[in-house]
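Common to both upcoming complexes is chain A, partnered first by chain B, then by chain C.
Up next is the complex of A and B:
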């Protein structure tokens, strides 16, 4: 029984954190069609923001505004200098952002060094839940993620900006014709996407290894989820996270970690092959 | 200058040279010895490049200051072997045939080592320095690194006796070093009266260890032998402690050095032990002098000392000892005298035995993000590697 509860919570945690990680890419890739290969690097910058706040002896929550400012500013610069010239040219964005990703990794390596860093948990220890001990920080993190997704969902459905983004995504020319400033909206969307990636980095930093190359892990799993869930909808994102996270947890529990990873790869390949638009698709 | 004058003066130089032939030949012999130093400057192990380079350079400078090897100065030539074996082979070949390197010191993975022993075929002395799975016995190859037998034979019984380690869970990345280490571990665990309650190998890409931790908890293991490497080790150990497992089980790692511990973090390092031939905090005069000299030479911001980086320092010391005893740098001369060669380094005294070295092994317990040596096992045999 304990084992079932543990696996259940692990499953929820895995799905929630995957959703958090992929959200930024879902905005940038799903809405704007920019294959942002530097997505993981923005997660990495978020984690280093948490590290800087810790090294300065400040409270952990201050890392959130810092990461949003750092990633947002860098995202703005990136959109203005490179991305805006490449909308609707997915392969070019792929190459350009990969180059930027390398630059970001090396920049952090020069500044902070290649070595592993450790960000402390602001809530160390475990709490007893349904008969098992589960890390307190993880439980809080799951609650934060669920709240965040719910708020985002409502905002995207109800707000004017959400409607404008949908219009722009469906038909940029028509959207521009009815007076939507698509250039500005695209930039704002891009900046928001990478800032969310930075936020994910802050929230995950106490749980994971922090080093200049950590972003690569997050990039891969993010693309797997978007392949399975499809682009452009929050439902797809949540479903993709559940399927990828769930397959990993369940198969790893029954067999072993290698089988879990194989399962994730197999599912991604099957989707690319049989349902290239994913489960939910705006197309 | 006229042609005639030129011939005249050239002739006189040639005659003068012939008369003092002895002086010229010894001047030639005093040309530097090029030593190829193969370390990872890129790739996953690139983290250890800077400390390896510093340590090798420091050993070279110290030996040069005291007269060099066989009266000749050492000139280190570095190459990056952080990539795949084929690239490493090319880099080594360039140093060997192009730069005329007369000996090699390597700190890299076993796949690269296999490619290099194939390339060198015993024609040039080659010292392999990092911790590894054991079993290398190629001609001309000398191994300094800890073998699983050295890291585990004294340590597992000690942990069983002092810390009550009886139910062991073995977890590592999926390649030969963890598998060979665990194969050796099983024998020592059984001999110490303990049992293995689980054994698992993870792909390098693993970054979520929840299912493994659930299994560890479920088996009731009170000791975990960790042969995960680098980032996987950091991630696993952080998650391990966050689940509160550090209170119910001790952890022993055979490749948890100072960088990995820094990534694991102070709040996750309770009950974490590491077994190795070197720690930056070894409390012996030789190790302290080494650490002080390192800090003085490279400054406080230099890459932190660790067992892999320091092994390059030991590698240069061993080369000097071998060449000194053989009075030659030829691979065959050195191979003839290698057995029993001893040298003194920061790790203590080491003696060549079957191409490996018998040496002291330290068991350290993590204290925050520093290691504290809790037990020293003197002169531990490397085991049978040429079977």
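Up next is the complex of A and C:
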């Protein structure tokens, strides 16, 4: 029984963190159609923000505004200098963001060094839950993620801005014609997406090793989730996270980490082959 | 080709003379960069030529290196080493082809999916190379790999590398020059149009990727004896990313650019990496700039100057008889059936129980108000829209949920309303591709003979549309009317049994419309093919056809001769805006 609860919580935890990581890319790729290859690097910058706050001896919570400001500003600069010229040229966007990803990795490597670093947990210790002891930070993290998703979902469904974004996604020209400032709206959407990625980096920083190349894994798992779940829907995002996270946890537990990775990759290729528009496609 | 023959010979001579011009250590270093350059050439074939981007090319390089290292350590001797090396090239080639076939099957264009899958594979390869220490030596790598038997690693191996590079460059150059290479450009330019000529583009792309994988494997084969050690870095993501940068900076559209970029950045990095802290940041910046502002890379800067050295187009042997399609007797009895066809897009029913059949060759016209489902009917017939319910068959073959290249292989030709051509190719090259449709075999794709193909119809079309004779003109620079005529010519040059024309006169002047109508009527008469034309202009309909199908709200409203249609009360009501 204890084992089941432990696995269940681990599974929920892995799904929730994956959902958090993919959310930023789902906004940028799913809504704007910009395959941001630097997505993982924004997660990485968020994690380094947490590291900087710790090294300065400040409370962990301050890492959140720092990451949002750093990632938001960089995202704004990236959108202004490169992305906005390329919205209708997806292949060039892809290449340019890949170049920016390399630049960010190398920049962080020069500044902070290549070695692995770690961020201390601000909530050490465990909480007793359903008969087992589970790390407190993980439980809080799950609660934060679920709240965040719910809030975002309600906001996107109810708010005027949500409606404007939907209009822009479906028909940018018509949206512009009825008076929506699509240039500003897409910039805001892009900045929001990368800031969410930075936030994810802060929240995950205490649980992972922090290093300049950490972003690649996050980029790939985000991408796998979007392949499986499809673009543009929240239920697809959650289902994708569940399938990818579940497959990874289960296969890794039975065999090893490499087998888990292989399994996830095989599932993604299978989806590209059989259901190229994701699990909810009508085709 | 940007480089003239003289320039190529000079380059090759310089490479051979390099150890005497410099010293043997520098030549040893250059050897490594040349091997990386070979991998970069493969990337250029995929990226610059075909338009899809492999992000994990080191995987194939590393597999070749590990296989070659294993063979060398087994101390086999040349008689067994050569087949082992062949295997070390074939394994990565087949792996690449297999991955390509899997991923490209449903993904057209240059979307990010393929690139990310290759990136993930490269990272998986890195993990496997680390964990399978029994085979690969794990983290420390496969060490103490002996050199090639009878070849001194620091003196003579360099010449082996130069020799292999020259041969592989010549082979790749031939692949690019042959029809296969021209089809790869066509994929980059307009993949969907190529599918409507009956080419299974996913397989062409997979083949290009397989070739690039094989070349990477070949470079890996020589890398193992050159370095004496193969570590997981050789399959990893970091090398893959660098290979991409070198390709981009050198120039991704040719074969010399990628090697030049690799060598240049390689030597610069060797000199600067330790003294200049921001070297790699600077390289990343250069990459972004090249990708955005200078797609041709360094070689793009020189190509204009170099092409003046008489590197012009080779004259091809003309007048070789075409491979004509089989007999045309079956054309007298076309058999197209739509049986209660329904198509939905989300909540909208586009086609709603459309039924008709055509059993007589000649010209048939479809008319109907906007949104009646005319184009959708052609789309579902050619696999561009999924069939909801009902059944479609053409000459006994069921075409429900078909795919464009299968429809084309079944003799269905299609011209879209908006002219769809290969804009960066010349008029002549556009026509060549149409002539190859359903005629060219796999072997012929790698021979120069298909460039000499011509047909009787081509001569006739060139008389009707004289601009077709300006073969060197870029198709993208033609006027809208000329593009319509080029697209129409390409469609009929493939000699389909069933020709679908979607508003062929859209955007044409009165004079051009007359020319087009005459051409359609004449060709329909000569070829005995069945034509289905969507047309709004009733004068055009009247002059072309005596059989008219009227569509309304996704179904057939009327079917008969022009005078019958004129007399039909339902048709009059729909067109005069009366009640439904």
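We adopt the following convention: the second predicted complex is superposed on the first by the 272 of 283 C-alpha atoms of A that agree within 3 Å, B and C clash if a C-alpha of one lies under 4 Å from a C-alpha of the other, contacts with A are read in each partner's own complex, and residues count from 1 in each chain.
Throughout what follows, a residue touches a chain if its C-beta (ideal position, glycine included) is under 8 Å from a C-beta of that chain, and two chains touch if they have at least 3 such contacts.
Bear in mind that the values here come from a model prediction, so they are computed numbers and not experimental data.
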item: Superposition on chain A - do chain B and chain C clash or fit; value: clash
item: Which superposed partner A:95 touches (first chain B, second chain C, both, neither); value: second
item: Partner chain(s) touched by A:155 [first = chain B, second = chain C, both, neither]; value: neither
item: Partner chain in contact with A:80 - chain B first, chain C second, else both or neither; value: neither
item: Which of chain B and chain C A:106 touches, first, second, both or neither; value: second
item: Touched partner set for A:207, first chain B, second chain C, both or neither; value: first
item: Which of chain B and chain C A:3 touches, first, second, both or neither; value: first
item: Partner chain(s) touched by A:256 [first = chain B, second = chain C, both, neither]; value: both
item: When the two complexes are fitted on chain A, the stretch of chain B hitting chain C, from 135-143, 153-161 or 171-179; value: 171-179
item: Chain B and chain C contact sites that coincide on chain A, given as residue numbers; value: 217, 220, 256-258, 261
item: Residue ranges of chain C in contact with chain A within the complex; value: 51, 53, 55, 99, 102-103, 105-107, 110-113, 115-117, 119-121, 123-124, 127-128, 131, 237, 241, 244-245, 277-278, 280-281, 283-285, 287-288, 291-292, 346, 386
item: Residue ranges of chain B touching chain A (in the complex, touch as defined); value: 46-47, 50, 174, 200-203, 205-208, 210-212, 214, 217-218, 231, 234-235, 238-239, 242-244, 259-260, 262-268, 303-304, 369
item: Touching residues on chain A, where the partner in the complex is chain C; value: 35, 37, 82, 90-92, 94-96, 98-100, 102-103, 106-107, 109-110, 216-217, 219-220, 223-224, 227, 256-258, 261-262, 265, 268-269, 272-273, 276, 282-283
item: Complex contact set, residues of chain A against chain B; value: 2-3, 6-7, 10, 13-14, 113-121, 124-126, 133-135, 137-138, 207-211, 213-214, 217, 220, 248-249, 252-253, 256-258, 260-261
